[in-house]
Structures are given as C-alpha cells and as structure tokens.
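Have a look at these structures, which come just after this line.
Shared between the two complexes below is subunit A, which has subunit B as its partner in the first and subunit C in the second.
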Partner chain A sequence: MSSLNWTTDLLNQLVSENITAEQISLPSTTLWQIESIHWQHYAELAIQQNVRWVAGWAEHVQDRFFINACFEKQGIYVLLRTIVNVAKPELPSQATVYPAANRSERHTQDMFGINFIGHPDNRRWTRHKAWAKHNYPLRKDFPLQGEPEAITPPDIDYPFVKAYGAGVYEIPVGPVHAGIIEPGHFRFQAVGELILNLEERLGYVHKGIEKIAEGRTPESLARLAGRISGDTTVGHCWAACRAMEQAAGVEIPPRAALIRGILAERERVANHLGDMGGICNDVAFVFAQMQFTRLRELWLRTNATIFGHRLLMDRIVPGGVVCDLSEASCALIKEDIILLRKELSEIMPAIDLNSSLEDRLYTAGYLSPEIASAFGTLGYVGLASGQDKDVRRDAPYPPYDQATFKVALEDQGDIASRFWVRYKQINAALKLIAQFIERLVAGDILAEWQTPPPGSESLSMIEGWRGEITAYIRFDADNKIARFYPRDPSILNWPALEKLTLNNIVPDFPVCNKSLNGSYSGNDL
Partner chain B sequence: MNWLIAILQTTLFVVLAPLLAGWVKWCKCYLQNRKAPSLLQPYRDLIKLTHKQPVVSEQASWLFVTAPYIIFSATVLAASVVPLIAVDLPTTASADVIVMVGFFAFARFFLALAGMDIGTAFGGMGSSREMTISSLAEPAMLMAIFTLTMTASTTNLSGAIAHVLNDGLVLRPSFVFALFALILVAIAETGRVPVDNPATHLELTMIHEAMILEYSGRHLALIEWASQLKLLLYGVLIANIFFPWGIAETFTAKALGYGLLAIMGKLALLAIFMAITETLVAKMRLFRVQEYLSFAYLLGLLGMLSHIILEASR
Partner chain C sequence: MLQLFKKILTTGIVTEKYKAPKDDELEKLGIQIKRHIDKKFSGSIAIRAIDAGSCNGCELEIHALNNPYYDIERFGIHFVASPRHADVLLVTGPVSRHMQTALLRTYEATPNPKWVVAVGECAACGGEFGVSYASCGAVSNVIPVDMVVAGCPPTPLALMKGLLGLINK
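Entry: the complex of A and B
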C-alpha cells in the first residue's frame, strides 16, 4: 500500500483505525483536525512512514486551545490540529515518538499551561524567572506588556541532569561568554577532557516575539519577523510575508519574487562566509578567518550600496519588495560574483591542503545520519549528515520553481562536512543569483495588499540560510494578526549539538558548536 | 661594576619583554592582511591594567592575590640567570640552567594553584592542562639543555655560551637536534599556537588563559608581563645558545651596545619565524600535544646520543 502521496496512505490508515480526520485545505498545506486522544497515536503512525516532524505550536482561541503540529515528507506538508478545552488543557505527548517535538512541547507547556501527558522531560524550558510559574504569557488574559519585575531574579534552581562517579566533574559555561556571542548556557559533565554529557539551557534571549506579534498590521509584522534572528532577517521576513500573502490571496509580481531570491541568496552567501571563517578561527587558524571576514565585509558593502542595508533588513514587505534593481546594480552584482569566485578559488585550495586544519575538522563532531534524521536536523547540519532536504527543491516557491541548482550533500557528518556543505551552498547560491538576474523581468515590485477575511490562516516554508523556516499566520478581523509562529531551523538543530559533542573532548566543543551555529535568538523567540 | 651590569641586563629583560610581544603581534597582523597595532601597544595595555581596580572574588584566599607577585618575581629571577647582552656576569655564574628551569617550575606551581583557588571550572581545567603539558615539556627541555651542557662541560649558561663562542662556527649535529627540541618546547611552554592560543576568547579551549581568567587590574598586568618575559627568555635562550655571535664578552660600552643590537636583531628574526608558523598551522587537538612533546623529547635524546657518538670522543 504505497501510493505516490504519503498523505493518502496515512489517511487510509487513520480511517482503518476509526480515527476521523477532518480535512481542510489551506494554501500550500492541508489541515487535518483530529481528536486530542489520538494525538500521540497519529505520531506513531506517521513515524512508521518516515514522516518528518516539522514544527509544533498552540493558540488560544476564546475558551479553547488549538494545538498544531506540522509534518512533512516528499515536500508535502500536513498541518495536524487538535482542540482542547482551557478548563482541562491536556493531551498525549508526541515527544515520546518524535524527539524533535520535545522542546517545542515544553515551550507550549510554559507559554500556555498545556499539559502533555507522558512527556519524557516536562521541566520548564522557555520560562526562566521573568514570570511566575502559573502565569502563561501566550494566553489571551496575560497582558501584552507582560508583568515585568524590577530585576529578574537569577535562575539558580534549574534541575540540570547530574552525573556521579569518581573523577566526574561539571563545567558550567555561559550564558555570558568571553567572546561577543549570544547568551546560552551549556552544562558539561566530563571525565578528564572527555565529554560524558552536554545539556543546553537556552531561553536567555526570549523577547516575547509571539506575544507582541498579536494585533499587528502586516507591515508591522514583517518588520518584527525581520528581527527574530538578525542573521536571518531576509529568511524570516520572507517566510512571514509569504504566509500573510497566501492567507490574503495576494500574488507577488514575478520581479519581486526574483529580487527576493537574490536577497535570500546574498544572505546565505554572507552568513556562510562568516561561518567558514568562524570555524577556522575556533581552531586558531586565524589567516583563513581574516580572509573570510574580509570577503564577507566586501559582500555586505555591496548590499549596502545596492539595497541600502548591509544585512538586507526590511527589504521584503508584504506584497513584494521595496528595493528595485537598476541595470547598474545588476552589473555590480555580477562583478561581485566574479570577484568572490576568484578570491575563493585562491583561498579554498590553501585551506584544503592544510593538514593541521584537516586534523582538527575531520572526524570531529560526528553526527550520524540516524540521529540527524531522528531530530529532523535541517540545512547544512542535516545535509552534512546525508539528510537530503531543501525546500527550494522539494516544495519550490517562486522564484525557485523555475531555477536549476544542485543541493549540496555530504555524508561524513563531521565538522569538515559541515564546512564543505557551506562552500558548496555558496557556489550554488552564486549560480542562482546569476540565474535570477538573467531572468529579471520588467514590472512592478509591489502588489496591492488585500485585507484577508477574518480567521484566514496559512503556513509557509522558506529555505533560509540555516535551513527550512516555517511561519504560521492567522488573521483576525481588520487586517490584524491573531497568531504568528515562526519556527527557525535552529529549533531542530540545537538538540543535535548535545549528541554530536558526545565522545569529543572539552576543548573541541567550541568548534563543534560553531560548525552547527544555531541561532539563540531564533530559538528563544 | 659587574653587578651593575647584571642589574642593567635584568632590567633590560623586563623592559624589552612587551616590545617583543608587540613585534610578534605586528608580524602576525602583517601576515594576516590586517593593520597592526603600534609596537608599543603591549606597554599601553600594561599601563592601562595597572590603572584599573583589581576585582577579586569573595572566595579568593591570600594565595590568589599573592600569586601574581610570586610569578612575576620568579620569572624575573629566571631572567637574571640568562645572558642577554653580555656573558660572564656574576648572576649567571652563581646560578645555572637547572636553577632557571626551577624558577619556571616555581612560577608555574603558583599559577596552577591560583587557577584552582577561586574554584571555577575553567581555572581548574586550565591548571590541569598546564600541569599535563609541563610534565611533558620539562624533561624535553632538560634533555635539550643537557646536550648543550655536555658539549661545554658545564651547566652554567654563561660558561656554555662562552664555550660555543670560543669554538667558533662548528656544525654540531647534536646542536641541530637540541635547537629543534628547544624550539618545540619553547612554543609549548610560552603557550603559542599550535599548542595554546593566547588570543582566543573560547574558554573551553584555553590553557594558560583559563588559569588567569579571574585576574584583573594590576594582578593581570603582572601575569601578562611575566608571560611576555617568559617568551623573551625562551627567545634569548635559543638565540644566545645556538647563535651567540655578537654578545659582549667585555664590559665596554661599545661591546654592550653591539650586544644589545645583536640580540634584538636575532629576536626580531626569531619572532618572524614564529609568526609565520603560527599563521600556517591551526591549533592542534589537545591530545596531540603529548605526541608533539614526545617528539621534542626524542629530538633532545637524539641530540644527546649524537653528541656521545659523534662528538664526545674527540
């Protein structure tokens, strides 16, 4: 019983087990509504078919909670929904089946007070000490400005996993680090230099994005989405805008789609250049870091010249883009590509032939394909461990629906693989930019906005530079946002770091972490 | 007069140490296509640190506060044993190379204790790594130095250097081995790439820096200065033992002046060599350091053997 579309198979199975799934069609996805008692069983059926868990979030609507989970296989996305009553907010956990759902369910538990029965780890996650235990910020009765105390008390009683035994010691690292990086806490248990266990504690940059999104206009939401994670401003902004456009039935002009493609690929190139330098810097190969930093800087300066912003923030707006490309700008972009290719062709062989660098990057930080698949890792982390996923190819959206490119894939699963996947992605991105410029048609760059009907909802998927970004939007009346949930790829990649550092030595952790480079801000929301 | 010059020479050591650190940084910046800070920047950093109020943890014992002074003094004493611009100084006659290694070990002992004193995970981790590395580096260093002292039949550095000078330019296989052994040890002991990275901000990869993470103000200045001094000391050892030409043998102003110029020139060259290697290689995995230092020991041993086989029977 296998047909081309996995959803038919799964539906048949659900019907044979007398589970009713109400089907509602949404733009680019289907919504299946099931009863809450079947929540976990659905996951069990889905995992048998190798369906991937994508995202999970909830919503407070009057006296009910909508609980959503998104699943994907072969580029076909299904949004699963169940409804529970506010008076008795509980349902079986999917995290027992999908480890990827673990932190997401803990987030929902902290933000809504929804109890996931049988959850393997129901410690608090996003809640630190900024709000009290029985306050749930995403419920509608929680004030928008929060309940700020003068000083948030230190979070000193979080029950970390303990390790006991002769010679076992703990290393707490962060949330404040010696370098200028985002805050996050890492708790190591080690014997000598060998890492026995690593536990992440994130949430230090929780900004309440989901709460402050409520009641915004589309323009204002796009600006907010561009600030979820500063390095992915194009990716998140595009995902949010695409979700809103789908919900409102707005079609963006072809020229705007091509410019969005150029923006996204330029963001990808800049970040990968920075990361490749960062990986080299973490093993004290400063020469390469300086070169990559220089190249990234030149690249960003071109961004500033052409698009008016180094990181391309707020260039994408609902209905299109705000920056048009002149003939001269196109020529400049082409020149930039030639220059970058030439520089990379000199630097990359020097890196490839350096045996001391090779010694550090190969076999270190190994992530097996099985674990990568179990956690649903995305982007370069997944691709380096043989997870062949790329939204641009699997569920193409304009302008990628007409583009030809190869998805970079490696199978060694080590730091070197994640390094070289980034390099391959840079090459693919440069080709894509060239293609988009060739295809650039004359025309408008901004479509007129239409107020969507109240309650219209949509889910969009965009391949950001870290991997698949998912954004969910539901509109209220009067063009206002009722619910916005952005899922950064980091949410699925962070747990993989806990696994890939096992059996490495403590001083190799920083480079392992850099090779994954999750966003703290994108994770904490 | 002799004592006056001995004091002058030790002062020179202390004063010139930041300059060498600045020069190494300058060379590295140049090789990395960066604009280098002024050569005087390390001096400015030290002055800045002495003006800052040291912040000391509530958990710190007397050891934490005293350690910087002990470390700095021990390193200065070690410097007084090493001929910088002139041989045949009274200090170098009263203490030999084993005393110098002892001063280093003394300073390291207190540095490691200070690292553990506060009780942070990083300090203890750094101390543990430092002791592991030094337990491997010290035998290698002694082996290299013994090769030299066997040729000169003295453990006195001044005497050994005078012996090399008197023999003129002779190619000794044992010296080639010992030179390479000493270079490898020097890189490990002064915490340079590829063993340690003095410029890193990654707490988990640090060795020397991990031990001194909690230090600030004048305490940090003293420790930084001591490690700059240690770098200079190793540089002078390599330069003056293996290439002693130019060092003053009489205490005339002219000879001393030439001696100063000669050592500065030699150190400048050595620093360039070091900057190039640091630019070319990545830091090695921590567990490779033992292989690296075993290799240094092996080189020292080969130097000793080749001395016995090829040179001693003359």
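Entry: the complex of A and C
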C-alpha cells in the first residue's frame, strides 16, 4: 500500500525492520536520524521507492562527525543524518546503492577522513597534493592555513583507469585548456577517433570554500556564496541566504522575493543565451554564436543599467535584496523581453532549418533516461533525458509559489535536446519575469536580521539555471557560520559527461562538454 | 538558409564605432590600444587566458571581449590556444594550490618578452578567498605580475582599459 507521501511509507518500512529513525524538527526541513549501521540499508529502501539522492556532506562537531544525506521525491525533501565517533570514523557507503553519491562520499573521505565501507571507488577525489594524505581540511583541528609546500607539486600519480589493446591510445587534456574556460583534466582512451572511455579529474580549482565559510557573518557568507560559481552568483547567493533566513526565522518581504525571482530568471536567460551560442560555435556554426553573444551582451547591459552589475553579484543579501525596481526599470525590463522574443523568433527558425547543425547535434552525446536518473542529473541535462525535476514547481518557494509556468521537458537525451530545453527555459523565464513584474507589490526590500540561536540549522533548495542548488547552513554562537555546504547541480551532472561522450568521436567532445556545461568551481569548492 | 541571410543582413554590424553615441569611449580606447600594440608587437598581441582558480565570473567577461560589440580582434588583440604563441598571460582567480604548478609551467612556456595581467579582485589580492591551505591568494604570490585589472569581475571595458595600461607601461 502506498500513501501520498513517500516519507510515511519509508518510515513504516523502517519500523517494520526495527530501524529507529528519530524525527527531529528543523525550520523548513525534515530531519531523520538513524544509527550508522543502517546507513546503507536506508539507501536500499529509499531507492526501491524511486527516491532521489540529492546531496551528501559531513560536519565535525566536537568528538563526533555528523554525516548527512538528503533525499527527495514528489518535492518532499528529507535530511538523513547519522553520527559517528571521530575515534572510529566509518560507516557503510551509500554509493553502492546510489551512483550519484559516489563523488560526494569521496569528497567527504578526503576532507574529513571518514571511511565509507564498501565504496565502489575510494580513490581520492578533491585532494591532489596541497595537503597530506592523513590530513583532513574540514576537521576542526586542521588550521585554515594548513602546511602547504612553497610550490604544490602536480598531481601526477593519480591512478587513472587504463585501457589496453591494439590501437588503443590515451589522450590527456588539461588542466589548462585551449579556450577561455575553467581548468580540469580529462583522460580519454580512444581507438582512432572513437572514445572508448573518458575519465574526469577535477579538483583543480578547489579553493577551500567550505573551510573559509566557517566563522563568517551572514553578509560575508552571502558574498562568498555569490562566488562559488560566477555564472550562478544569483542562484548560490539565494540558496545560501534562504538557508540562513530559514535558520534564523527571518521572513523576507514579498517585494524582495519577487525581485529575487526576476534576478534568478535574468541569470537563467543570460546563461542559456551564452550556452546556445557556445554549442553552435563548437560545431563551427558561427552565425548563431555571433547572434547569441550579441543578445547576451544586450541582456547584461540591461542588468548593469537596472541592477548595477552585469552578472548581478551581491544583489541578494540576507533578509532580502539591495536593489529596488523603479517604474522606469520595470518598463525597461518589459521592453527587453519584447525585444528578445522578436530576435529569437527570427534566429531560431534559421537555426532549426540548418541541416549541418542538425547533423552534428541530433543523436550526438546521447544520455539515456536510465543513466540520467541513476546519477540524479539535474536542470537541462536531466530534463533533456526525461528527468522531470524543477524545484520551482516541485517544492516552490516565494515568489514561485504563486507563479504558473511549464517545465521544459524533452526525451531524446542528445545535444539537440539539451539545446532546445534551454530555449524552452528562456521562454518560460521571460513569462515568469513578466508575471513577477505584474505582481510587484509596494513595500520593503530588506527584512531586519535576527541573530539565530547557536546550533540553528537549515537546508534550502533553489532552482538555479543549471538546476537544483542545495545549501546547508548551521549557525554557531554570535551570528557566525559553523558549517556551510553548497551543492551545485554540476556535482551531479559531471559524471553524466563520462557516459554521454562514449561512442562519440574525440572532435565532438567539446560540443558534448558544452551541452552539459558543468561548473568546475562549483564542483571543486 | 534565406532566413539566416536575412537575419545577418538585418542585424548589420553592431560593433561599436568611435562616433557612436553610446560607448564612444570604447572605440577611443581600442584605437589607442592599437597604436601602442603597433609600436611594441608589430600590430598584434596574442593573449593566453589562464583560469588559475577563478569562480568563472572573470572568464565570462573575458569571453565578452569577443562578442560583436567589442570585437577585440579588430585591434589586433587575439586569444591563442598555446602559451608558446602568447605575448600576454591573462590570469584569473586566486591561484589555487592545485593549479600552482600548472600556472608556473604555463608561465615558463611563454616566450620572452611576456607580460602578465592579473584579472579580477581575486587575482589582484586574493579576493574573497585569500591565502589558505587551498589557495595561494594573489597571482603575484606565484608569478611576477605586470598589470592588474581590478573588478569583480572587471567589465569588458575595464579589461580593454587594462590592456591599454599595460601597453603604456
């Protein structure tokens, strides 16, 4: 028998197996605490009910580690927690059940020294050579400055997967790439031009974001969150602020929520315009690249005029926003929407009818719905492979709780699908911006901050332009941050790239990569 | 195909001109840049952009230099794929420790004479990230820097001004 809410079913199942899940109430978050020996079994029960693995992270509290994993189905999120002793930091792995948890557990292993027993691939992930094997940066006794060498040696002995056989060869790419892009390493095994295997090696832009977040004030944390991934400055800043606001019991004014919505949708449009041009450019269709970069530039200039920053950094602050919208600004935004619609109505048919583009983008970089689901892929990557997820609809937060829009969905799973999902999302975003302007009520844009009691914690979900962003916050005394964990959608999307490039040719890798466009910085933290 | 040609024709050339009412500063700057480049590098400089740990914000604005409004190549400034072809290294980010060797090697691979431009707050002073177990902070902590373009991120116009400042040195 299944009830409407999956959590009831799962709780019943836990009870029937004599597993105690202590239910702890947190602001806007359901927290279940279980014993560490049941960690993996919980995952097995959850996956049977098609519950999605969302995020995983740990925290060092005195002589214990809190280990967290977040799960979702039907827009209902559950935070699962277990506690292990620092003296014996081990628990069964969930990555054996959920491939999505794989890299996250490796990150936790590197940063805390927690051993996930039975992990299918426990090679180091975030750690290169900046700190020693038995040092763990996110333990409280690890000093912020660490003990780095004058020159950190290159990570030359990472045990990559090897392929052998006649005609098989290896192509190492990066960390410094040929274009103007972020650094990371890709290791290809190929025969002729055919890709047999691709292995990603990320972590090059690890900047210690989780460590330097500790001890910050809410304002300072918002600034840091706005720099987790520069293209998602609105998304991450909003997620962090929302988590802090929930923890502190601060309600933002309705006007601030609407302006945040406008900022987030403008960020979505700007990035999708850039990506659509980029995808076409990677198959040498320069017409589209020129048109889309032109439209993106116009869009960013409006951002600068209205909000005072082209990429909209630091517009969202704890308690609200810092930029109000005048009547004239609203009129300008509306004009902008009309203009963009007209431009796209001329450009898109020219692209749609182009047979060269069709040849390169259709069927290329195919990601099956099964793999997309196993990795928990998000945003346009998941949507293009039939993963019908959108936080704005599934677990709506203001101002989306009163908005109507259609979630773009495709099922072909190829680069073309990921291209068209972006286009549909632009259209939906333009409608949303218009709705938010219509609904713009008079009033404050910033609520007064209240210092939360020590230990207050919360989890927030925001639909960024790449998909669901998750942010976890725990406060210390005196309004200081004890723990901040941001989960960029890229963390779940990156592994899908290793799969969708298989059986493509090496020269198609750039367009495959662009169609996914993961954030390196958001992944490496 | 007809629709494509029609769009190209109706779009026209959007590249901003010297006497254009908006952003005339841009063209002025560009022309000055060109004069200086002519003197030192026979009319062209090749730039290698390196992200040494940035959040990707700076890269977005460096990208914008190539959009049809700025079209920086018309001034003889172009981006190259290899440091061996470069005159200028445009470095962004606080230098993450994991990128330190890669940056040093890229610097060594660039032939003399070479200039290093540190782009953005993080590259200039470490920004939000500073120096830590994971970050070396400012680019100048790792390689010699000739010029800093501040801003978080610097606008495309600021980047153009920065390049001019460098060439004026």
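One rule holds in what follows: the second predicted complex is superposed on the first by the 525 of 525 C-alpha atoms of A that agree within 3 Å, B and C clash if a C-alpha of one lies under 4 Å from a C-alpha of the other, contacts with A are read in each partner's own complex, and residues count from 1 in each chain.
The criterion applied here is as follows: a residue touches a chain if its C-beta (ideal position, glycine included) is under 8 Å from a C-beta of that chain, and two chains touch if they have at least 3 such contacts.
All of these numbers come straight from a predicted model, not from anything done at the bench.
Look at A:Ile505: by the touch rule set out above, it reaches subunit B but stays clear of subunit C. Contacts of A:Lys389 after superposition: neither subunit B nor subunit C is touched. In the superposition on chain A, contact of A:Asn354 is made with both subunit B and subunit C.
Of the two partner chains, subunit B is the only one touched by A:Val283; subunit C is not.
Within the superposed three-chain model, A:Glu193 lies in touch with subunit B and out of touch with subunit C [touch as defined at top]. Counting the residues of subunit A that each partner touches, subunit B and subunit C differ, and the larger count belongs to C. Of the two partner chains, neither subunit B nor subunit C is touched by A:Arg81. Contacts of A:Arg266 after superposition on the shared chain: neither subunit B nor subunit C is touched. In the superposition on chain A, no contact is made by A:His119 with either subunit B or subunit C. Look at A:Val173: by the touch rule set out above, it reaches subunit B but stays clear of subunit C.
Once the two complexes are overlaid on chain A, the subunit A residues touched by subunit B in the first and by subunit C in the second are 178-180, 287, 290-291, 294, 354. Considering their complex, residues 169-173, 177-180, 193, 280, 282-287, 290-291, 294, 354, 356-357, 359-360, 364, 505-510 of subunit A touch subunit B. For subunit C in complex with subunit A, the touching residues are 1, 3-4, 6-8, 10-11, 14, 49-64, 66-69, 79, 81-83, 93-94, 96-102, 104, 106, 127-135, 152-153, 155.
Taken in their complex, subunit B has these residues touching subunit A: 28, 31-34, 121-122, 124-125, 193-194, 197, 199-205, 213, 279-288. Those residues of subunit A that touch subunit C in the complex are listed here as 128-131, 137, 142-148, 151-155, 175-176, 178-183, 203-209, 211-212, 223-224, 227-231, 233, 274, 287, 290-291, 293-294, 296-297, 300, 304, 310-311, 313, 346-347, 349-350, 353-354, 519-521, 524.
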